[in-house]
Amino acid sequence: MQKRRVKGSFKHPKRQIRSGSREAAPLSKEFLKKRIIPIDIEGINTISGMLSAFHNTSFQSRNLACCVEIFKKMLEDPDEPTVFLGLAGAMIPAGMKKVISTMVKRKMVDVIVTTGANAYHDLVESFGYYHYKGSPEVDDAELYQSRIDRIYDTFADEEKYRLVDRKIVALADKIRTENVDVTSMSSREFLHDLGGLIDREGLKDEKESSFVWNCWRHNVPIFVPALADSSIGLGLTQHYIKFLREGVRPLGIDQIKDNHEIFEIKRTAKKTGVIYIGGGVPKNYIQQTAYLEDMFGIPDRGHDYGFQITTDRPEWGGLSGCTFKEGVSWGKEKHTGEFVTCYCDVTIALPLIVKAVLERLGNAPAMKRRTER
Amino acid sequence: MQKRRVKGSFKHPKRQIRSGSREAAPLSKEFLKKRIIPIDIEGINTISGMLSAFHNTSFQSRNLACCVEIFKKMLEDPDEPTVFLGLAGAMIPAGMKKVISTMVKRKMVDVIVTTGANAYHDLVESFGYYHYKGSPEVDDAELYQSRIDRIYDTFADEEKYRLVDRKIVALADKIRTENVDVTSMSSREFLHDLGGLIDREGLKDEKESSFVWNCWRHNVPIFVPALADSSIGLGLTQHYIKFLREGVRPLGIDQIKDNHEIFEIKRTAKKTGVIYIGGGVPKNYIQQTAYLEDMFGIPDRGHDYGFQITTDRPEWGGLSGCTFKEGVSWGKEKHTGEFVTCYCDVTIALPLIVKAVLERLGNAPAMKRRTER
Amino acid sequence: MQKRRVKGSFKHPKRQIRSGSREAAPLSKEFLKKRIIPIDIEGINTISGMLSAFHNTSFQSRNLACCVEIFKKMLEDPDEPTVFLGLAGAMIPAGMKKVISTMVKRKMVDVIVTTGANAYHDLVESFGYYHYKGSPEVDDAELYQSRIDRIYDTFADEEKYRLVDRKIVALADKIRTENVDVTSMSSREFLHDLGGLIDREGLKDEKESSFVWNCWRHNVPIFVPALADSSIGLGLTQHYIKFLREGVRPLGIDQIKDNHEIFEIKRTAKKTGVIYIGGGVPKNYIQQTAYLEDMFGIPDRGHDYGFQITTDRPEWGGLSGCTFKEGVSWGKEKHTGEFVTCYCDVTIALPLIVKAVLERLGNAPAMKRRTER
Amino acid sequence: MQKRRVKGSFKHPKRQIRSGSREAAPLSKEFLKKRIIPIDIEGINTISGMLSAFHNTSFQSRNLACCVEIFKKMLEDPDEPTVFLGLAGAMIPAGMKKVISTMVKRKMVDVIVTTGANAYHDLVESFGYYHYKGSPEVDDAELYQSRIDRIYDTFADEEKYRLVDRKIVALADKIRTENVDVTSMSSREFLHDLGGLIDREGLKDEKESSFVWNCWRHNVPIFVPALADSSIGLGLTQHYIKFLREGVRPLGIDQIKDNHEIFEIKRTAKKTGVIYIGGGVPKNYIQQTAYLEDMFGIPDRGHDYGFQITTDRPEWGGLSGCTFKEGVSWGKEKHTGEFVTCYCDVTIALPLIVKAVLERLGNAPAMKRRTER
């Protein structure tokens, strides 16, 4: 078996060097092999070209280039790894919706784990309600009175949000009413139904850019492990309380059902790649799929490839900022795998990475979708 | 009605100043009222004394002092606000368990929202299995082979974790078997049962320091909105798969039931105070309790007091790093409330804050517990 | 006089909104004017195109787009502002040398303020000694024995550094010996002589990419206020001690002479733009040129345009992380100016910004060099 | 010779473990030796007690405890190491003045390297002008008009600053006029004269808390390598321009003279300890004293002890955020030394560390001052 080296932040073949001679010369030769090549922007014309040049620079630009390389490798691996995308943060108000949809359409991702907020904001926009350029330097008390919600430098229209909330309540009412036996669903199932809702009621022009709809259409499961912790969850709570008051058992969301489902996807995958956009539950949830297998006596099932874009850092001890190297100790990542962390705001890094990979792959990987393999 | 000023990062009475004269003198007087007083450590003997001195210094030490002041105020408010504690991060391997337990025992907190990891690690230690001082500078592949899990600079014993996992599976089996009608629980209910498990099977000496047990004993509800995303969730998944294979409907965890429960607590509280230790789901989940009320037509129910300890920052647009000021636009926080953010590692800030508040309150607030009011 | 709005983080016309009606509708209209437009990477082909799309996204990508816009504006202002570039960090080992040289060659910058390290590393490479791709995950004790210096993920060859040090000593010896009256120089003067040294002794192929040489050639002054705090300063110290031992008064570097020189440049500029790549002395030193004018009774001479790329943050109270908004209180920046901060690693942001500006300006601004105006 | 282990972030005895058996058990024993002990704030009464308890917690609290331990060790080392304190940031507006003065008075520090701002603000306060509690949430344009300077959440009185500036100009005029031969000084010499100025003209009550005065009194040299880059430098520039206009050669500040002076201090020290409060020039300048010795053929003269308090991080590649481990590759730190980094705002960490060390040492180390040894 060919052994892969873990990339990026923990790359060097320490042991060999350690056992090497203490004389300066041979060691220096070992260490001083690959020159930094100053980036020459005048000769660069494409985003892929920029990212290639970053391979020979330093610090986070080099890590960004490594993300492109690793993403490309996982999409070209003949073992067709199942690619999990963990998506935290407010990606839709940030304008990242189509980047994610492109990843779904172009077969660059097989499974999405995200926050309820990302799914909710996508839903909102699919009905023709939008987010707006704002500023953090405003009087938030006035925004409150104007029914405008602020997400750092971006504004949302509270009244439109309430219109969408009603659609969520109505969907839950409908599902429960039409299915006497269904008293609980996984978040994955409910997200699929939201995709169907967009297909039926969303604006025609907006569907194409909705990632929830694209996932629905291409059979890419979306898991929202903390669905209750979002406006979708609040809509479901309104349904819940309403039905309780009416004496009808309401629709619940069973988290453990989700675990079972994602476990089956992981278990049946030959290999896996992971992409962590921010931290939080999405990152940890994808990490633990490998850990769960070990619990069932399936050893060495850590993920094979991965990159993460984060602005968090390891020294606070939280999972969001932890390194892939730390994950190796848990068996969440294979120590023979290829991983890199790039410390950068996602809104800069993600479009660059996905565009560069697309340019290099001729717009889509050759591999089949997970569901068609 | 007495109006409170929002503290800390958005403190200044802008409007008055704005409408003031443009001449330098009167404005300068307005701005230059409170001198910075250099901290004199030689005259300080207590932690409360240090924190008092921080009131007249700058940057994050002043914010830390503000946390103490606001915490004290919410505990002394005659309206007896219900205090929600959001707890992210790996607080138990960090050695913060007794600080949280002290907060529970001393009636400083009424409701806890946390990650599954915090509850799990607390459970582990209550059975006499521990965490250990380690280092991030180790070979994680060797840790993996040694069955040691790393949490930044701290080690856990994988074999002991597996022993605890079996107890979780057994508990779920038992609950489901003994209660024919119970096919799903809220995370809050399951956490309460875990408290009971500790009471029955935990080490006598360890119970006192377990926050899950203390919550069980003192009727402080623990919500874990993303319970599936933790080792507790993985244990429940083992139960789930086992029962499915046996043809028995397994126990699920219904997230929406949790929402209903915490909504009732928020709805019936006269006032509320919030403490965010880190971000993630716990912070957002407590934030949204206020937002949910608005959905039901109960306006201006934002939280009244709050402080957060975080190392995240607002400019990435995520909820974990957002300011209280941003929350005002959503109605999650009252703009007349008192709030402050201290940017600091929790393991430093939390023990200092809780100790200083205890010193000032004569070891416990005078108010009654939420459940006894 | 046409009034400019301060951009980016403190953009919104607060006052007007404040005096507006309290009814939701008109305020909402005011706030919800500019939609976030999801970035569509499939339709983007150039770096300038990517940066344009970032104008309508959020968080740091929008700020990155603002940097491009403000940089372009300052280069197109008919008043021909003098552009000061503050350059901290290890930009040459990072591979950013040619980006800076391009800025000098293309008339995008008039004055550089930097650390001694940046000038030194540029000097090293001009003699054909290089920096190398390394990793932070190595045994630094072994690097030490191998005479390899580490700069995060990049390696330097200590033996080559020593060869360059000797050239610095020799240059100082020569200057002092050949100029009986010259007992001290400004850092600006010494840097110019280093440019001459590169011209005489540097590798032909390397000169073109050296920013010190390009500055020498195009008469762009380089100030290194803390020159002593670098390997150049250490070389000068070797010269100093050698001459002292020989009983000859050595060459000194007079910091205040630098202040006088940069003050004259600022004083005679009609307008000024500032670019802060990282913080430290370069940022503060450029900031204070405006403050110094005020000391001489020349009011309202704050800089007119500016952008900064930083990973530091304001809440620690240091100058490196301070906002442009804070600088307004000091008169360092005009409150009517246009400024933006982008929180990003420089090695990613700088090449993107400079490339995008070049694409938009047809490869160089039309304005004349400062020295030719 | 007894070998010391490098502490904190690179603590573990890797080699021994590496050569150990691959069986889980013995390795686990090796790794799982020191239990995390939950901090029990109820039993803690002193700051030293809190810091001792932090020794057995995790993340940054443990690193904070390590700072105390290493500081104590360097003060108790019978070889009497010379202790260098690097001081960046706005420590005086932050209220940290007396903490630094205490360190000077109690013989905890032998040499200070700082920014001009720290010395300037100390000077300002010694004349009875102060800094004030402010807020970052203000209109900085109004502050400008009110002649108030903002430092994050702290205000300064511009008019008082100008009074102090005149004293600096007058001092430079006087020095130059009274000493015909003195055309340049080191920053260290000028700072000493500023100490004398405070002694003559400062308020009696304020002297005791001034760190510049305490250094003057106790013969602790203060180096300000980038003195030009501060209000002191601007005052000197006013003097410079004034004298130039009068046709008199003005007083310059010769940076290289400083290098010579600090080099002599380092060269003659048996051992050295370093404390970095923030990064910037002070940190690098102290680092390079060890590097300079190597240039003169004195090998293995890296610092022996050190701790740093920072909020910067290594992955941007800058010197401010670099680890001690990186410094080992350069020979700036001994790989057998004891070092730790604590990621925390200085205004919280520094008073705690200094107080805890004082409590443990019975209020002052037993060793003699550097100048009395």
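So that you can tell them apart, the chains are marked A, B, C and D in the order they are listed, and the count of residues begins at 1 in each.
Basically, contacts are C-beta pairs under 8 Å (C-beta built on N, C-alpha and C of every residue); 3 or more make two chains touch, one makes a residue touch a chain.
Worth saying up front: this structure is predicted, and the values here are computed from it rather than measured.
**Student:** Based on CA centres, what chain would you say lies at the far end from chain D?
**Tutor:** A
**Student:** Cα centroid separation between chain B and chain D, in whole Å?
**Tutor:** About 35 Å, centre to centre.
**Student:** Between chain A and chain D, tell me the centre distance in angstrom, where each centre is the average of that chain's C-alpha atoms.
**Tutor:** Distance between chain centres, rounded to whole Å: 43 Å.
**Student:** Distance from the CA centroid of chain C to that of chain D, rounded to the nearest Å?
**Tutor:** Computed value for the inter-centroid distance: 26 Å.
**Student:** Give me the residues of chain A that touch two or more other chains.
**Tutor:** 58-60, 90, 93-94, 136, 143, 148, 151-154, 313, 315-317, 343, 345-347
**Student:** Looking only at which chains touch which, which shape fits best: line, ring, star, complete or other?
**Tutor:** complete
**Student:** Under the definition above, what is the set of chain A residues touching chain C in their complex?
**Tutor:** 9-12, 14, 17-18, 22, 24, 27-28, 31-42, 44-47, 50, 53-54, 56-62, 64, 90, 92-99, 102, 130-139, 142-143, 145-148, 151-155, 157, 209, 343-349, 351-352, 354-355, 358, 363
**Student:** In their complex, what parts of chain A are in touch with chain D?
**Tutor:** Interface residues on the chain A side: 15, 58-60, 313, 315-317, 343.
**Student:** So in the complex, the part of chain A that touches chain B is made up of which residues?
**Tutor:** Interface residues on chain A, with respect to chain B: 88-90, 93-94, 117, 136, 140-141, 143-144, 148-154, 158, 162, 165, 183-184, 225-231, 233-234, 236-238, 240-241, 244, 250-260, 263, 278, 280-281, 284-285, 288, 291-292, 295-296, 311-320, 322, 325-331, 335, 345-347.
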